[in-house]
Each structure stands twice: as structure tokens, then as C-alpha cells.
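After this come two complexes, each holding chain A, first together with chain B and then together with chain C.
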Partner chain A sequence: MASRIEAKEDAGIPRQSRDWVPLIVFLGPALVVYAGFSLFPVLKTIYNSLHVMKPHNVVEFVGLGNYRSLLTHDEIFWKAVKNTALFSVFGTVLDVGAGFLLALCLFAKVPLARFWKIVWFSPVLISYVVVGIIWVWIYDYNWGIVNTVLRWFALDALAHSWLGDPHTALWAVLATQVWKWAGFNMIVFMAALYGLPPDVLGAAELDHCGWLAKLVHVILPMLRPTVVSLLVLSLIGKMMVFDVVWIMTRGGPLWSTETVSTYVYKRAFDWNTFDLGYPSAIAVVWFILILVFVALLTGSLRQRDKLEY
Partner chain B sequence: MIRKIGITCAVVLLLGLFVRQLARPQAAITTLSIWSHEADEPAKVAVRERVAREIERAHPGVRVVITWYDSEGLVVALKTSLPAGQGPDIFYIETDWSDLITDGYTLPLDGLIDWNTIYPWARKPWIYDGKTWAVPQEVYTDELYYNKKLLANLGFTLPPNAQFSQEQFLALVKKARAAGITPIAQGVGDRNYPGAYILTQALLHKLGLNDYGRLFGGHLSFLDPRVVAVFRWVKELVDAGAYPKNFMTLKLAESHYYFYQKPGAVMLPMGSWYTGRAFVPEDEGGQPGDFPLGIMQFPAMDDAACNECKVRAVGSSFAINAATPHRELAAEYLNAMSRPEIGTLWIDTVHLQTAVIAQGSASATLYPGYYKELMARQEGAKYFDIDPSDFLEGACLDTYVQVMNSSFPGGLLSVDEAVRLMNQACYKG
Partner chain C sequence: MHNVTAPFKKTLLLLFVIACTVITGGPFLWVAALSLRTTPEIFDHPYSFPMHPHFGKFLKAWTQANYGQYFWNSTLVVVSAVFLATLLGAMAAHGLVRYPFRGTRATRFLILSGMMLPPQMLVLSLFQIMFSLRLYNSLTGLIVVYVATQLPMTIYILESFFAHIPQDLFDAARLDGYADFEIFWRIALPIGTPAVLTTALLNFIMLWNEFLYAVVLLTDNSKRTLPLGIMFFMGGHQIDVGMMATGLMITIFPVLLLYAFFSETMIKGMTAGAVR
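Let's turn to the complex of A and B:
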């Protein structure tokens, strides 16, 4: 073998060029796929955002015109930003928090733990369309279970059109989202909890550490990487929320559940105009904002000192 | 050894058969592709599929493939495939998708279609720049259906012209609500227009054809006193409990069931395509066989310009893709669908008006009295030929959907807020 390499070197092929061959062979296909399906669409969206896109590939350059209109004149966009921000912040905290509490219940071996695990995880397996329809029925004023229960407890005054009132619609949709995703976070937390070193937990118990102190000072610090990952994933998902809102409210009533994604869709396909430039500008602005938020969140929650145990 | 020879022979034989099959001249297959909405209406599916089979029989070697979509899926599919120079040969189109025409994705059909079998007024909405761009199949009028028995039980008798005054209508709403009956079964959970039926019809009566067109065309202010008066009257209806409490989430199909099954309501304003859902077997969601269905006129407004005005619109229509290589064949399909006998079949099986000048009468069908009553309600009517949700666009359309379709009839907005929002989005001055 050694003599063969020497022979190639002798043939005048420099070692550096030869090192590129396996790199290209192994990375090339993945890079082509990445460029075609990720990079190109992103660049094309940025390009579109600087133009008014007319049919038959007729494009008119407007520079930052779309961005100017978006940031200075578009009231619905700012409503959508506010709604998405509320949805993302509260949704992320509730989602991850609920998942953690459910995981703790199972970790503490509550009765029927296996049964509860299946029950709590099963919403994750249901499609958004089905989840949306189920919850629209649950919230229905006349026959929905929420109002039925309230009436059963003689709380008729609290019975409400949950999705029909701008003050409650967003929170009703948010509750649905939490119901669907808490089970996923629970499973991830379960895996992390069972991966904790038993000797550290045992040592805490030997030191007469109470359950709350053990949770706050031992378990949570060790779960920090998991918490950060779930918070980031959840935040990204919620900043792009579309399906559940579209199925349940289509952004209504009075734009009270309009999110940035539903607004992009409406501008692109529902406004009886063919211009994809303006929706592209919204998408670019939102992409940058998501990037900034994720960087800030990751940076602020990053573990600076490595735990040793 | 013998086994090896056997396997080799078998492989050679199969290879030979394969090559022979490839070499054989194949009969050329032409596929005419059609994308259509309304998969959930079996009678319409049956009519369109029947015409497809007729074309296949007339042209051996031609396959007609209809792909069935729901409305929203079809819009997205068309708006992504047509700009890419792809898409079907023929596609379903509605009048509010006119951007597909103005942006040049459809073929002008003037010389390709036999227009003698189509009502001229139904062709009219499809004429832009002097050319006709789609073939209408379904036409409808906006109607106010009611339960005859409930109306009688509440002590109301319809006047001979089948039209209550605005005061009588308000009294009916109040009395029904007091009796614990929902006056109007309407919901906006999945559509952008039904919540506006009462409001837009009242505006049409009050303003007349011309000013109604100017209002939604952006040339008449929503602050016009006549417009505000209509909004105030509708607000009275809303405050009197005209609509169900689950108005915001009740879906279109559910509102039909709500009206004629459970819990029951006095009225249901709906396009005359009501029949597509109601005139199916009861166990498939249709109205009970003995349901006392009636049709009344939308209420007369005080000091109205045109209380006999109605909205008449073109529903399902079909266009030919400008990029199709099969334009003659596509036109043949649309011509076949527009034959008078297919028009009659449509009326008899779909129980809905058609743009095709049909032969014979539908009076011998399953619902004989219905069609007669429908025709009686249209006698002497003056028509506005399109629904606002079909021609509005951009922010005006979005505001119409949020305000006039849902939040105002849903009781979330005052009259002042509603007219201000509409004016801000639609009035061009």
C-alpha cells in the first residue's frame, strides 16, 4: 500500500488535491440536497422580497419598498407579531413546564404510571387536523364539553364562546397546542431523568435533602441541557405556528389569533392577488427575528460551568 | 448443470418477451386531466364523471382523469402549478379566483365553446376584456330558507309576496328567541361569506343595484346614512339573538344540520346550492323526508331602492389551461358538459339551477314542490350578478371576512366600529 501511495506521489498528484476527493464524494450529495432544498429557497425568498412578483415570471424591483410598507403601514402584521409573541412565550413555558411536571409524576412512579404515560403521550401522535377539529368541538358554546361541565356545576355565567371571543380565542388555541405537545416534552424529560446518575441522587437523599431542594439544586441543574434544547425547539415551533390556528380560527375573530405564518399564507393565497413579493418580505423579517431570538435564548441559557459529578 | 441451463433459458425467455413488448407499437394514450372541487357532492361528481366516460367512448385512446380536491387545496395547487407552466388541461374555477384569468393562465373560449346552450347572463361574469374565459356549469341565487311549521307555530304568516318588512322580521327574530328557538342557523367556522347574507341582502335592497355595486367597488362610503341605517337594523337583529351562540365556530355543513335536524332553527340564509347537502338521504346528513321547507324573500327595507333585488351568481365553472397541448379535446369536454340533456340531468340529480339551457322540467323529481317554489321566488327579481366575497380582494376582502362575515354579526363590534373598519379598508374615495 505504502509503495502505491508513493507511486501516486511520484506520478505528480499532490497530496492536498487527493484529500479533496473523499470530501467531495462523501459531502457532495448532502451539499447538493442542502443547496437545492434549503439554501436556494431561502435566497429566492430574499430575492422575491425585493420585488413585486407578477405572473409569468414578470418581476418588478421595488428595493426595500415591501419592507417599508410592512414595518410602517401594516397594522395586521403588527397584530400578528404580537399574537405570535404571546403564543411563543407562554406556549413555550407552559409546554415545557407541563412536560416536565408530567415526567416528574411518572419518575416518582405514580399509580398506573404506564397507563398515564400512554394517555399523556397519545396527543402527540394525532394529526393537527384531528386535534383542531376535536378542540373546536370541545370549545363549542352549545354542546362543547367545557361549557357542559361549567353548566353542570351551575356556572352557566362562565359558559362562553371560547373561540368566538377575541379576548379568549388565542388562549383557547394555546391550550390546545400545550395539550398536544406536553406529551412530547414529557418523554424527552423522562429519558433525561432516567439518565441521571443514581449515586448523585442517592447522595442527596443521604444528606437529608428534601424533594423540593433535590429538584431545585440537584435535578434541574443536571437537566439544564435538556431544558435549553426543549425551550429552543418549542420556541422555534411556536414562532412558526400555523396548522392549529388555521384549523381552529383562521386568524379570527378580528385578527385576534392571526399569527405571522397565517398572515403570510393569507397574503400569498387568500387575497386574490398573485404577488409573492410582500409575503416573502414578511417571511424574511420573521426568519431574522427567529434567528435573533434563538441566539439570545441559547446564549443566555448556555451552561458556562461544566457540572462535575 | 441442468438447473443452471433451465434458469438461463427462463431468463432469456423473459428478456425476449420484455423486448418484444417494448418493440410492439403501442396505441398512443392521450390523457386529458381535469382538476375539480366538490368531491363531497356525489351528484356533481356523477355528472362530471359521466361526461368524462362519454369522451373516452367517443375517442378510443383518450383517458379523462378527474382529480378531486377540496376548494382550498385546489386553489393552492393551481396557484403553485400554473405559474410553473404545469397544471391540468381543464380546471374548476370560481368567480373569486379571477386572478387566474387576469394573470393569463386561462384560454379564451369564445371560439371553442357552443355558447347557444349557455344562458347569456351566466356567461357574462366570465367576460373580461371582451373575451370569455370559463364555462359556467352551476348558477345559484341567495335564498332565505325557512321551516314552515316553526314559522306557523310562532304565529307568523308569510305575506303573499313572501317578504316580511324589516319590522316584522325583527319581531320574528325576537319571538323565536323568546320561545327558545334559534332564529337563524348560521355559522362562519369554515367559510368567508355566510355570516354576511342578511347584511348584504339588506344593503342590496336599501341601495339598489347601482349603489350596491359602488359600495363594494369602493366608490360609495360605508358612512353613507343608508348604509349605516342597514348596519343599525342588523345590529338590532344581532342583539335580539338572531344567530346561534356558536356562530363563530359553526361550520357550513353543521349549519344545515342545525337548521333541519338538531336543534332546529326558523331560518337558514344560503345559496340555492343548499340542495347539495339537504337533498341527500337523511342518514348521510340530509334533511328529513317530511321537513316542511319553505323559501321566503329576504326582508324588505324601509325606503328601499330595490326590495325585489336578489343576488344571483355563477358557481362551479371550468376553464382551460392556457398552456394545455389538448385545447380541442378540452373544449370538447366542456361542450359535452354544456349539452341541454346534461343540464336536465344536473337539475334532476343535483337539484340546483344550472347555466345550461336545460331541456324539459325538473318537476317530476324527488322534490317536486321545491323547484316550483324556488322559481316563484325568482319571478320578477332584479339581479346583482355576483357575491361581494367573489370580487373583493386584498385588505378589503380580508376586512369584509373579519367584519361583515363574522365579527359584526357575531356581536363583537358596534355599528360605528364596523363601518369605520369597512370604510378604511374598502372606500377609495
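Let's turn to the complex of A and C:
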């Protein structure tokens, strides 16, 4: 941080200005909107999580009661935690892995690389509502492409109601999510791959290093910072997953795709209890868990980085 | 040996690339075909080419199926929110860079930490807050929420860009008698155009696709944005697949249009946050 301030002094920006009026004019509006509609709601959610809201605007303070019943009595919550954990871990690894594979294809000097890149990135830009509905159709039992292809190959026995079966629903949603985000990771990996020092790659080639050896011993270690930040970024996103699940399965069948976020939404708006306190407690618990995870992951992975060099 | 296997490997790679492209692009082409066919035709042959394209379906979707209304609601909300977020964000970024004060670091931290907030931490109490402000079920309310949630990222991108503009330029302008706001409007903003364009595009895409805040804060059919409108059709018992496909195409068309013109900017912008 200190270096950043010094750098600015070099650029000629004074350390402190005494012009309060322009500062307030420039910074004020954004701060007011942000504080009022982002920070205040967060504080209010924490406040709500300590209360129970009953009909007719009766609000009762229960302290940590919501948290206690959440962590000890709520089976659906733990089911949602398990699903979200599976989704986050496998989703993150598959996403980042698929993105890396795609980036390697383009890096291998495939013809028309620019065209492939533009097509592969396009799902990132499309709304989950659109993507989700298309994939509900793709998984359709009667006329979806997955089952159609299986029947072509006379594998009728494998044709399946992918989203209707509690054993496959979560994995079907997961595949959709990988389809949407692989392109994002690909672009980041591409930037990192083209940023590698060419002389190191050239040296590996002179040593008659096979492409697999080059990949494992030369390229991957140098890409480590990129992999770390993509894993963290991807994990945060998946721990908050809502749209794709809500659109494709609404958490069903039999809570097999229920995630923490869809459960929060259901408790708040679908169960007609009018109690925002309990779902707020879920949101707070999950937020704290995300923060802890991010801190641990960045901490431990960065640490190992330093030891290696 | 090397020369014998090289073309083989190259072909294998190309085949893999084509397979990936079919998997990524195929669904879009399929929906585009569905959008021009009627539901009975689709159930007969789900994967045939639209031999007799029904372009009239788009008109029907726009007028009878209410997609016109959803489209204008989305446009109104997203364009206003992007405009406000960009303007307020640029002003704040300029303020943070050019008018440092004792609390600059704290303010910056406070704003940028907003990028980490899960929507679930906000949406429950926003529902309450908007209700008491009489902004529940109103497009204005949704615009305000969108501006608030997009500000941190906007400020993050613009601030790092503005910081690279040499201070001499601003000092010279001041000597020439420019007022503070004039300096922002006539120097910082024009020089920052590339970054401003990037954030505007980024915010447009993210808000055009936004679902959670909209589904919580809007209830009237006449106020629904496109994602909500489509979900509403999905909830019906008899799903008119052909008509829904037309609606999906209407929804992705503006995004594809922007992508056609600004593909590089959008690709770079979307991934800007991940590369440090």
C-alpha cells in the first residue's frame, strides 16, 4: 500500500488536498448510494439474523437462537451444505481444468484460433435464465439431445430423466455450469500462457523435452499464480450459486440439488412464514464460511508459492 | 518419426477443437432454429432445419406474449442503471485519485470490499428496505439497487485507469482556469473513454442477465424484466417450446449484437478482475 502512495506522489498528485467541497461532490453520491443500498442491507441482515419476525410486524429478539437451531436441527440446511460443497469443489476443478485445456488448444497454434476463442467465450455472456432453459431442453427425457444421441447408438437403457433423478440432477446442473464458465477460465489462461517468457519455452524445446513433460515441468509451475487466483475466484462464485439451480431444478427433486442460496431464498420467500430472521442467519453463516475459505486458500496456496522459489 | 506423427496430431487437435465448438455453439444454433419453428413442428422433428421459417413468431412474441413489454422494461432498467453507475463510479474514482484525504485508504477498502459481498447477504433486507421506501415492485427501486451493486467493480476498474493520467494535465487545466467539475468532465472523462466503455459494456451484460434481485424486488407482470418474463413462461403447465425459444432469441440478441462489435473489449473486460 505504501509503495502505491509513493508512486502517486511521483505522478505529481499531492499527498493530501484541502479541497473538501469537490471531494464531497465527487465521492458523495456514489458513497450514499453504496452505503444505503449495499452496506446498510448487509448490517440489517446481520441484525435480522438475531431476531424472529412474526406476522403483524412483531419482531422478537432471540439472540443466537436462529444459529443454534440452524446448526443443530435443520437437516435440509446440512443437505444444502453438502450439495453446495460437492458443487463447489467439483465445479471449480472441472471449470478451471476445462478452461486450461481449451487455452492449450489455442496455444498449440490451431488454425482459426480467434474464431474458436470468440465462440468458446460466448456462453459467459449469456444469461443463466437462457442457458438454464436451453439445458433443461437438452436434458429432456423425450426429445433432448442427450437421450436422442444415446438412442442413436442403441443405448436406450442409458436414456434417463437427467434432471428428474435425484442421483443425477446435481451432476447435470454441474455440467451446465462448466459449459458456461470454461470459456472464462480459458481467456485468463491464454493471457497467462502468452505472458510466459518465450526463451524458457524455447530452451525446453532445445532439450528435446516432450510436450507432456514441458507442460508438467515448465508451463504448469509458471502458471501457478494464475491457477490459484482462478481457483479462488471460481470457488467463491460456486459457493453462492443460485440462478442456474433455481432455473433448472428449483433445488429438487427431493432436495438433491438444494444449495445454500436456494434454501435461503425458499425460507425467505416461498415458505410464507414471513420470517426473514432465520434465512438471514443462514446467509450470515455462509458468508463467514466463504470469507474463511478465501483467507485460508489464498494464504496456504500463496505460502507454498514462496517456498518453491 | 517426428514428421510422420505431426500431421496426425494436428488433425486430432483440430477434431477436438471442432468438437468443442459444436458443444459450445450448437445449443445456440439449435435455439435459433427452434425460434423460427412452431411447437408442433418441433415435437415432430426437434432437430430439423427450419424449412419454412415462421418469422411472424417474433412479432407474435413481441405483441401477444408480452416480450415487447419485458424488453422495454429491461432496456429502461439496464440503460438507466449503467448510465448512473458509470457516471457516479467515474466521479468517485476521480475523487479518490485526485483528492486524497486522510480517509482515502479506508474509503477505497470499504467500496472495493463490496465486490466480495454475496447477493444473499443483501437481498433479504433489501426486500424489507425497498418495501418501507415504497420502492418495492418498482423499476426505479431495481435501478437503485443495480447501481449500488455495480459501483464497487466500476470504481475498481476506473480508479486504476484514472491513476495513470499524469497530474500535470490537471495542474495545467487548473492554471487555465478550469473549475473542478470541468476538469473531470473535459479531461479525466474523455481520456478515460476506453475504461469507461469497458465498464459500461461489462455492467450492461451483467445487469441484462441479472435474475436474483429482479425476482425478489418485482412482482407485477407489467414490470417484469426479460429474465423474469421467460421464467414466468417456464412456470406454466403447458410449455410452448416454440414461443419460448423465440423469447430466448429476443433476450440474447442485444448481447450478441454488442459481442459482434466489441468482442475483444468484452472478453478483456469480463476477465479483467481475474488477472492481477
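Everything below uses one rule, namely that the second predicted complex is superposed on the first by the 256 of 309 C-alpha atoms of A that agree within 3 Å, B and C clash if a C-alpha of one lies under 4 Å from a C-alpha of the other, contacts with A are read in each partner's own complex, and residues count from 1 in each chain.
As a convention for this text, contacts are C-beta pairs under 8 Å (C-beta built on N, C-alpha and C of every residue); 3 or more make two chains touch, one makes a residue touch a chain.
Note that the structure is a prediction, hence the values are computed from the model and not measured.
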Which superposed partner A:I76 touches (first chain B, second chain C, both, neither): first
Which partner does A:Y34 contact after superposing on A: first (chain B), second (chain C), both, neither? second
Contacts of A:F269 with chain B and chain C, given as first, second, both or neither: both
Touching partner for A:D19 - first (chain B), second (chain C), both, neither: second
Between chain B and chain C, whom does A:P123 touch in the aligned arrangement: first, second, both, or neither? second
Of the two partners chain B and chain C, more of chain A gets touched by chain C
Name the contact category of A:G164: first (chain B only), second (chain C only), both, or neither. first
Chain B and chain C footprints on chain A, overlapping residues: 136, 269
Residues of chain A defined as touching chain B within the complex: 54-57, 76, 136, 139-142, 144, 161, 163-166, 252-255, 266, 269-274
Counting only contacts in the complex, chain B reaches chain A at residues 75-76, 79, 83, 96-99, 103-105, 189, 244-249, 263, 392-395, 397-398, 401-403, 406-407, 410, 412-413
Of chain C, residues touching chain A in the complex: 13-14, 16-17, 20-21, 23-25, 27-28, 30-31, 42-43, 46-47, 88-89, 91-92, 94-102, 105, 107, 110-111, 114, 116-129, 144-145, 147-149, 151-152, 155, 163-164, 166-168, 171, 180-181, 184, 205, 208-209, 211-212, 216, 226-227, 230-231, 234, 241, 244, 248, 251-252, 255-256, 259, 263, 266-267, 270-271, 273-276
Partner chain C, residues of chain A touching it in the complex: 1, 8, 11-17, 19-23, 25-27, 29-31, 33-34, 36-42, 44-45, 48, 102, 105, 108, 110-111, 116-130, 133-138, 143, 145, 148, 179, 183-184, 187-188, 191-192, 225-226, 229-230, 233, 236, 239-240, 242-243, 246-247, 260-261, 264-265, 268-269, 276, 279-280, 283-284, 286-287, 290-291, 294
